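Shared between the two complexes below is subunit A, which has subunit B as its partner in the first and subunit C in the second.
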Partner chain A sequence: MDSTMVTSSSSWGQALLRISPYTFSAIGIAISIGVSVLGAAWGIYITGSSLIGAAIKAPRITSKNLIRCYLSPLTVFAVIKLWAVAATFVIFCEAVAIYGVIVAIILQTKLDSVPKSKMYDPESMRAGYAIFASGIIVGFANLVCGLCVGIIGSSCALSDAQNSTLFVKILVIEIFGSALGLFGVIVGIIMSAQATWPTK
Partner chain B sequence: MEVMSKFLIASAFMWTVPIAVLYGFNHNFFPGSASLSQEALTLWSGILAVISVNVVIVLYIISAMKEPPLEKHEPDPRFVADAKASIKQQLGPTEVDPSSDRAKQE
Partner chain C sequence: MYGFEAMTFNIHGGYLEAIVRGYRSGLLTAADYNNLCQCETLDDIKMHLSATEYGTYLQNEPSPLHTTTIVEKCTLKLVDEYKHMLTQATEPLSTFLEYITYGHMIDNVVLIVTGTLHERDVQELLEKCHPLGMFDSIATLAVAQNMRELYRLVLVDTPLAPYFSECITSEDLDDMNIEIMRNTLYKAYLEDFYRFCQKLGGATAELMSDLLAFEADRRAVNITINSIGTELTREDRRKLYSNFGLLYPYGHEELAICEDIDQVRGAMEKYPPYQSIFSKLSYGESQMLDKAFYEEEVKRLCLSFEQQFHYAVFFAYMRLREQEIRNLMWISECVAQNQKSRVHDSVVFIF
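Here is the complex of A and B:
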């Protein structure tokens, strides 16, 4: 941005600069938990719906599944035994949600109050942007990770019904899929570690 | 139901352990956490929390793999009996009395 834009009082650059860093931080925290949970829920319902559908058709699966769902008691009683594949997929999707919670807790501990005179210091703007970026990183990485694990889980449900020996191969693919969320969390944590507000 | 309880316990641990790690670092339950700078505190607490979640997942997968393999699916015995009876009914007359079939009855 050239300097003329900064001095003019009604430019877009000036408008962006006048947004409080606390706004950016709050939006970052909200996105980190909100969008990660969106990804986790999406993954769980994709896996869950194909598991339940397969359970109706194939009695072997019915006696083997454990599904984390809050459905009618009939369906819940139909799934009474552990099926390692189904449960691990649900647990992987849940881990995605928990990464979002962890980062949200870390980010909200990074929020400090600064006096009003220092609110638009470069240092505090940097902190606000760092928290915002960290939240976006974690949120969207977990969103796609949850989707990925969910779609893998739904195909795995159907293929494992046919051939139980495929489980280990599918687990390997699933671990690579959940590594995506892990990358996002690591980068988000490192990003947020440098969010220091100016001291009073 | 022991299976469902294992799942619920794993889920509960997956939620509580990382949050406990985070609060332990922030409120100085761990011995060295008071002396860390803010930045190092964030890094260590975050990475340990993520590692603890993964440890819980790995333990759960190990305990799931150790379960005894499931018994074969038992078809409904009455259905099997009916099916066998119907097959026997089809094949039975031809096997037992082959000669009688050859005599045509008009």
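Here is the complex of A and C:
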């Protein structure tokens, strides 16, 4: 049934209400993974370019700020220590992408089929909107988180190359930054928990 | 947009910024300078320098070293680093890096023209030119008789061409005119560089404005002091000052009418940043002014490294290297002439 407030007046309102809740859900899932990965990639390249340049003078920093080997032509110039140490900035940025994947998988399990007669029920609309909102929350929170972690990572690589006592201190700042993504994931999962489609 | 450069700067400039910061960590420290100041001979200096980054450049030099050899090899290192950065740079960083060398080009042009005037050999002059300011047709400068020919034959193809519009006259070149030409060119170059940095915007514009304004003001003071007692009229002197900087325009009006050092000091002490420089000098003394200006410049250049994601670090690094080479030259000369007591007169510590 159409909502009473939108009977015949606004055609835009009608149009919005007639969009299937599955559309909103699908877009939400796409945004959650797509925009998170954008944030992670942005962060990785910001850190990576500074890291490669700084490692030429101070090769020891590469093992702490592990770089992915997709940048292998440049790693020929920097002396890369092949045994890797955990907790690097690239892994922090990668975590952002992983949040996006996890939430996307959770969201897609919440998609149920409903019969056509119930497709525009308030319950279905609510479920559709909940998945959409969850996707947007996670996507954009991870976008800014990835950016933040990347910029801090770049500054950390440069300062670690000059003075190795600074690494742990800047890592602490970076942990606070990655909490932003975590907040997004938490709220997104809470939102998606109420995505219950009407039973047949 | 100022403040958000961190998001896109690293696409083109991240690698080179990291490289230049790596180079900066190789600048000589106060401990190195203390070691060098205690050397007895030039061979001691060579030994100390071989432990620093200059090692590979100096190790092949045969034993009776000259001070000019030391300075030449150190400049060679600077040139190698500069070329490495220039080849990796994209626009607009590559234009920015080229702008840094135009000052040396101007100095080279003036060197050759003056040398030709005093009938020196062209080859000898070419060897004395600064390597960063070389361009292809530089040797033909020796042929020119007046400024119009200078422009038409050689300089129209160089990046210095737009700076010549203000100083093309048909007068013959003599010492006074050449100095005026040098200062007019430098003024045009500084203003062009300033405009270019403003166009780049963001942190680069802010930091470079400050550094270039200091440069312009320092040149204004030097022009004033050097032209006291010469035939340069007040209007001509005024024309040589750049039109930006802290002193523009009211400071320039006061400086143009100064007739001795104390009047200059009076004019400059109205500006707080320069008042601290002049307060270090006692009345009537001007020899330490150069060193005071260099110290202030080095302080500002080091501060530019505090911020990330801008181009002023490249400019600052080149200037700091040049200051280091000046220090090394002074130390070498003092050691070679056995005047070690004066060695601290002119060495500016960077760290």
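In this text, the second predicted complex is superposed on the first by the 168 of 200 C-alpha atoms of A that agree within 3 Å, B and C clash if a C-alpha of one lies under 4 Å from a C-alpha of the other, contacts with A are read in each partner's own complex, and residues count from 1 in each chain.
Just so we're on the same page, a contact is a pair of C-beta atoms (placed from the backbone, for glycine too) under 8 Å apart; a residue touches a chain by one contact, two chains touch by 3 or more.
As the structure is a computational prediction, the values presented were derived from the model and not from experiment.
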| item | value |
| --- | --- |
| Touched partner set for A:157, first subunit B, second subunit C, both or neither | second |
| Touched partner set for A:25, first subunit B, second subunit C, both or neither | neither |
| Contacts of A:147 with subunit B and subunit C, given as first, second, both or neither | second |
| Partner with the higher number of touched subunit A residues, subunit C or subunit B | B |
| Which superposed partner A:190 touches (first subunit B, second subunit C, both, neither) | first |
| Which of subunit B and subunit C A:53 touches, first, second, both or neither | second |
| Touching partner for A:101 - first (subunit B), second (subunit C), both, neither | first |
| Residues of subunit A defined as touching subunit B within the complex | 59-60, 63-64, 66, 68, 80-82, 84, 87-88, 91-92, 94-95, 98-99, 101-103, 105-106, 109-110, 171, 182, 185-186, 189-190, 192-194, 196 |
| Residue ranges of subunit B touching subunit A (in the complex, touch as defined) | 1, 3-4, 6-7, 10-11, 14-15, 18-19, 22, 26, 38-40, 42-43, 45-47, 49-50, 53-54, 57, 60-61, 64-65, 67, 70, 73 |
| Subunit A - residues contacting subunit C, complex | 42, 45-46, 49-54, 56-58, 74, 147, 151, 154-155, 157-158, 161-162 |
| Residues on subunit C engaged by subunit A in the complex (per definition of touch) | 6-7, 10-11, 14-19, 21-23, 25-26, 308 |
